[in-house]
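Structures are listed in the sections that come next.
Note that chain A is present in both complexes that follow, paired respectively with chain B and with chain C.
So, the complex of A and B:
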C-alpha cells in the first residue's frame, strides 16, 4: 500500500510538471488552433537559462523570474514568426513552430553543450509522511500548478484582455469586428505559453537533468495531457496531465521505466480516437 | 442601471453637411480566387442617412460590407470614410475610425456573458495599438465612460440588462440580435452596418428591432443595412441600392425603385407582396 502511495505522490508531482506545459499548449491552441511544437523547447530553454542565471550567482527566485521572462519574450517572438503573417494556413504555422523548436534545440546544444545540466532545487532532504517520501522540489512543482492554474483561469475569465483572448478563441471574425486584433492576442498567448513552459523547466530541472533534446519528451507528455482537455480546456489539461503522470509513475514502478513515454503516446492515441474533442467539451 | 430614463445617444451624432458622403465606395472589386464577387461597385452614404442594400443570394451584399469592415481586401477601387481612405486598413483600424458591423447570424461570443459581450464591443476605443499596457491604461481611465455606455445600451434594450449575467449562447435569436446591436453600439460607431437583420427572426421580433434601428437613425446614427427582405429594407431606408451579380443594378428611394417595372417584378413581386410590405412597415 505504501508503495502505491509513493507512486501516487511521485506521479502527482510528475503530472504537475506536465500540466504547466499542457497549459501552454491550451493557451496557444485556444486562440490560434495551432499545436505549438516549440512548447517543449520553452521548458527546456527555461531550465537552461535558469542554470546560467544561477551560475552568475543570482538568487534562486530572481533567477527563476528572469528565466521565465526571457523565455516569455522568446515565446512571443516565436509567435510573431509562426502566426504573424495574416491568413497563414494553420499547417504552415505548425511547421514553423516545429522548425523553430529544432532551431532552439540546436542553439541550446551550442550554448550549453550535450552534458546533462541540472542545479539544486529547494532542499535535497526528502520529507516523509506515513512512509511516503517526497522531495521539497516536488512539493514546489505541485504548488506552482496550484497557483498558476487558478491565475490562468482568472486571467481568461475575469480580465478584460483575457476575455478578449477568449472572444478570439470563440469567434475570431466577430472579435475582429469589435476591434480585437487576433494576431496580437495570439502573440500574447505565445508569451503566456512560453512562461508556463519555462516555469516547468525551471522547477523540474533539479529533479530531472536537462539534455539538449529533452524538449521532445516534454512536448509529448504536455501534449498528451492537453489532449485530454481537447486542447481547449485548462482544467482538462491539468487533470489529464496529473492522470498521465500517475499512470507513467505506476508503469515505471510496477513494470518497466522504459515504457513511460509509451503510456503518454497510448493516452494520446486513445483520447484522439475515442474523444477527438477531449473529455471536456467546453472551454 | 439607469432604467428607462432618457439617455443621450450612445453613438456619435453626425452634425456634418448632409451633402458630404460619410462613406464613399468607388469602383470596388473583390475576388475570391478566380471568382469576382464584386465588379466595380460604387455607392455613397451621407451622414445621418439610412441606406439599404438589397439583392438575391450571391449578389455580393455581405462581401461588400465585409470589405468595408476590413475583413476582405479589395482587388480594385477605393473606400473612403469621413474623407479618409480605409480600403487598406485592418478591421481593428476600421472599427477605431467609427464603423461597426452587426455580422450575419449575430455571431455573439457564445461562452461569454451578455455583459462581457457588450464590454468587449468597446475594445477598439481603448486598445488602439498592439501595446496592450497602453490600452489597459486607457481602459482604467475610461471605466466610468464604459459604465455609462453600458447603461445606455441597457436603457435601449432593457431585456439585455435582465439577461446581463447569462451566457450569450443561451439567448434566443432576437435577444442575440439585440446583443449584437448593443455590442456594435458600444464602439461609439459613426456608421452602423447590419448584415441581414431579419435572418432567422420571428416577424414580431424583427419589427421590434427594426423600430430600435429607426429610432437610432432618427437620433443621428448613420445606418447601412444589408437585407434580403426587400420589404423590410424599403420600409426602413431612405435610399436603396439593388445589387446583382456583384454590380449595382439600381439605386434610388424606395418610391423610385417601386416605380421601376423590372425591380417591382423581380424584387417586390405581385401586389400581394406589396401588401406584405405594408405589414412589415415600421413607420
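So, the complex of A and C:
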C-alpha cells in the first residue's frame, strides 16, 4: 500500500511538471489554433538558462525569475516568426514551430554541450510522511502549479489584456472590430506559454537532468496532458497532466520504465481520436 | 503545357544519365550518399502524395521506413527467407501497418494528425529499442542477407542500380497516381472535403488509402536500406528521420512528384557538405550535429515562410517577379503567390 502511495505522490509531482507545459499549449492554441512544437524547447531552455544563472552565483529565486523572463522574450520572438506573417496557413505555422524547436535544440547543444545538465534544487533531503518520501523540490513543483493555474485563469478572465486575448480566441474577427490586434495577442500568448514552459524547466531540472534532446519528450507529455482538455481548457490540461503523471509513474513502478513515454502517447492518441475537443466536450 | 512536359522529360533524362554513370566516378563511401538520395526519393514520392495532393502532414514516415527495414532484417536474418521475397513483403507489411494505424488516426487532420503520426514514429522507435529478443534492441540486428541474381549476390554497384530502378519506378507510380481518376479525387478532397464528398467521393477511404500508399513507399525504401547496409539499429530510425523526410518534401515542393527527387538531392548533398565542413580535428565533436540542426531548422522555417510551394517553384516565382519588375509591372505574380498559400491552407 505504501508502494502505491509513493507512486501516487511521485506521479502527482511528475504530472505537475507536465501541467505547466500543458498550460503553455493551451495558451497558444486558444488564440492561434497552432500546436506549438517548440513548447518543449521552452522548458529545456528554461532549465539551461537557470543553470547558467546559478553558475554566475545569482540567488535561486532571482535566477529563476531571470530564466523565466528571458525565455518569455524568446517565446514572444518565436511567436512573431511562427504566426507573425499575415495569412500564413496553420499547417505552415506548425512546421515553423517544429523548425524552431530543432533550432533551439541546436543552440542549446552549442552553448551547453551534450553532458546532462542539472543543479541543486531546494534541499535534497527527502521529507517522509507515513513511509512516503517526498523531495522538497517536488513539493515546489506542485505548489507552482497551484499558484500558476489560478493566476492563469485570473489573467485570462479578469485582466483587461487577458480578456482581449480570450476575445481573440472566441472570435478573432469580432475582436478585431473592437480594436484588438489578434496578432499582438498571439505574440503575447506565446510569451505566456514560454514563461509557463520555462518555469517547468526551471523547477524540474533538479529532479531529472537535462539533455539537449529532452524537448520532444517534454512536449509530448505536455501535449498529451493538454489534449485531455481539448487544448483549450486550462483546467482540463492540469487534470489531464496529473492523471498522465500518475499513470506513467504507476507504469514505471509496476511494469517497465522504458514504456513510460508510450503510455503518454497512447493516452494522447486515444483521447485525440475519441474526444478531439476534450474529454467533457462533445466532438 | 507541352513546354513544361518537355522540361520535365529532359530533367528526368539528365537525372537518369547522371545516376547511371555515377558509380564509375565514385568511391564506395560516396556511393552510399547517392544510395541515400535514392532511398529518400522513394519515401519522398510517397510523402508528396500524402502532403501535396491529399493535404495531410505525417511526422511518422520514419516509423514506416523502420517497419520496412526490420521486416527485411528479421525475415532474412532470423527467418531465413529468400531476400527477394522479403523485399517484396516489406512494402506490403508497411502498407498493412499503414491501414491499421491509419484507420483510427485518419479521423484526425492537420496538426492533430501531425502529432499523432509523430507519436506513432516514437512508439516504433521505443519498441525497436525495447523488444530486445526480436530486434536485438540498441545493439542492432546483424546477418541480413542480400538478394542474389543469376548466382551472384546483388551488392555494391549492382544494388545501387537496383535501388535507383525502384526509385524511378516509384516516381512513375506516384506521377500516375496523381494523374489518374483517384488522383483527381484526392486533389478535390485537399481543396474542399465537403464538396468532394457531395459529388460522391468516399473521402475516408481515399484519405486512408493514400496514407497507406505513402507508408508502402516508406516501407519499400526501408527494406532496401536494410538489404543494402546489412545491419540495422534503432538509431537509424529516430523521430529526427521523420522530420528530415518532411524537410525533403517541403524543399522539393508539395505540388509535384519530381520535387521528391529535387528535395532529396539537395538535402542529402547539403547534409554531406555540412558533415565535411564540421568534422575536422580542430572543431568540437558536437559541431556536426549542431550545424545540421541549425541548417535544417533554418531551411524548414525559410521555406515555409517564403516558398510554400518548394524550392524550384519558389525560385521560378522569384525570377518571374524580378522579370515583371524589370518590365515595369510590379507585383504581377503576387496574386499567384497568394493562391499558392491558399492551396496549402485548404489542406488543413
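In this text, the second predicted complex is superposed on the first by the 280 of 283 C-alpha atoms of A that agree within 3 Å, B and C clash if a C-alpha of one lies under 4 Å from a C-alpha of the other, contacts with A are read in each partner's own complex, and residues count from 1 in each chain.
By definition in this document, a contact is a pair of C-beta atoms (placed from the backbone, for glycine too) under 8 Å apart; a residue touches a chain by one contact, two chains touch by 3 or more.
In this text, all values refer to a predicted model and were calculated from it rather than measured experimentally.
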item	value
Fit or clash between chain C and chain B when superposed on chain A	fit
First, second, both or neither for A:68, with chain B first and chain C second	neither
Dominant contact partner of chain A by residue count, chain C or chain B	C
Chain B versus chain C as contact partner of A:142, first or second or both or neither	neither
Contacts of A:263 with chain B and chain C, given as first, second, both or neither	neither
From chain A, separation angle of chain B and chain C (C-alpha centres, steps of 10 degrees)	90
Contacts of A:244 with chain B and chain C, given as first, second, both or neither	neither
Partner chain in contact with A:171 - chain B first, chain C second, else both or neither	first
Which superposed partner A:163 touches (first chain B, second chain C, both, neither)	first
Contacts of A:180 with chain B and chain C, given as first, second, both or neither	first
Smallest separation of CA atoms, chain C relative to chain B, angstrom	7
Chain B and chain C contact sites that coincide on chain A, given as residue numbers	none
Residue numbers on chain A that touch chain B, as the complex places them	160-161, 163-164, 166-167, 170-171, 173-181, 184, 187-188, 282-283
Partner chain A, residues of chain B touching it in the complex	69-71, 90-92, 95-96, 100-101, 103, 107-112, 116, 119-125, 127, 130, 132, 136, 139, 183-184, 186-187
Complex contacts: residues of chain C adjacent to chain A	57, 59, 104-105, 107-108, 110-112, 114-116, 118-120, 122-123, 126, 129-130, 239, 243, 246, 250, 286, 289-294, 296-301, 304-305, 308, 338, 341, 344-345, 347-348
In the complex with chain C, residue positions of chain A that touch it	33-35, 81, 85, 87-96, 98-100, 102-103, 105-107, 109-110, 113-114, 216, 220, 223, 256, 258-259, 261-262, 265-266, 268-269, 272-273, 276
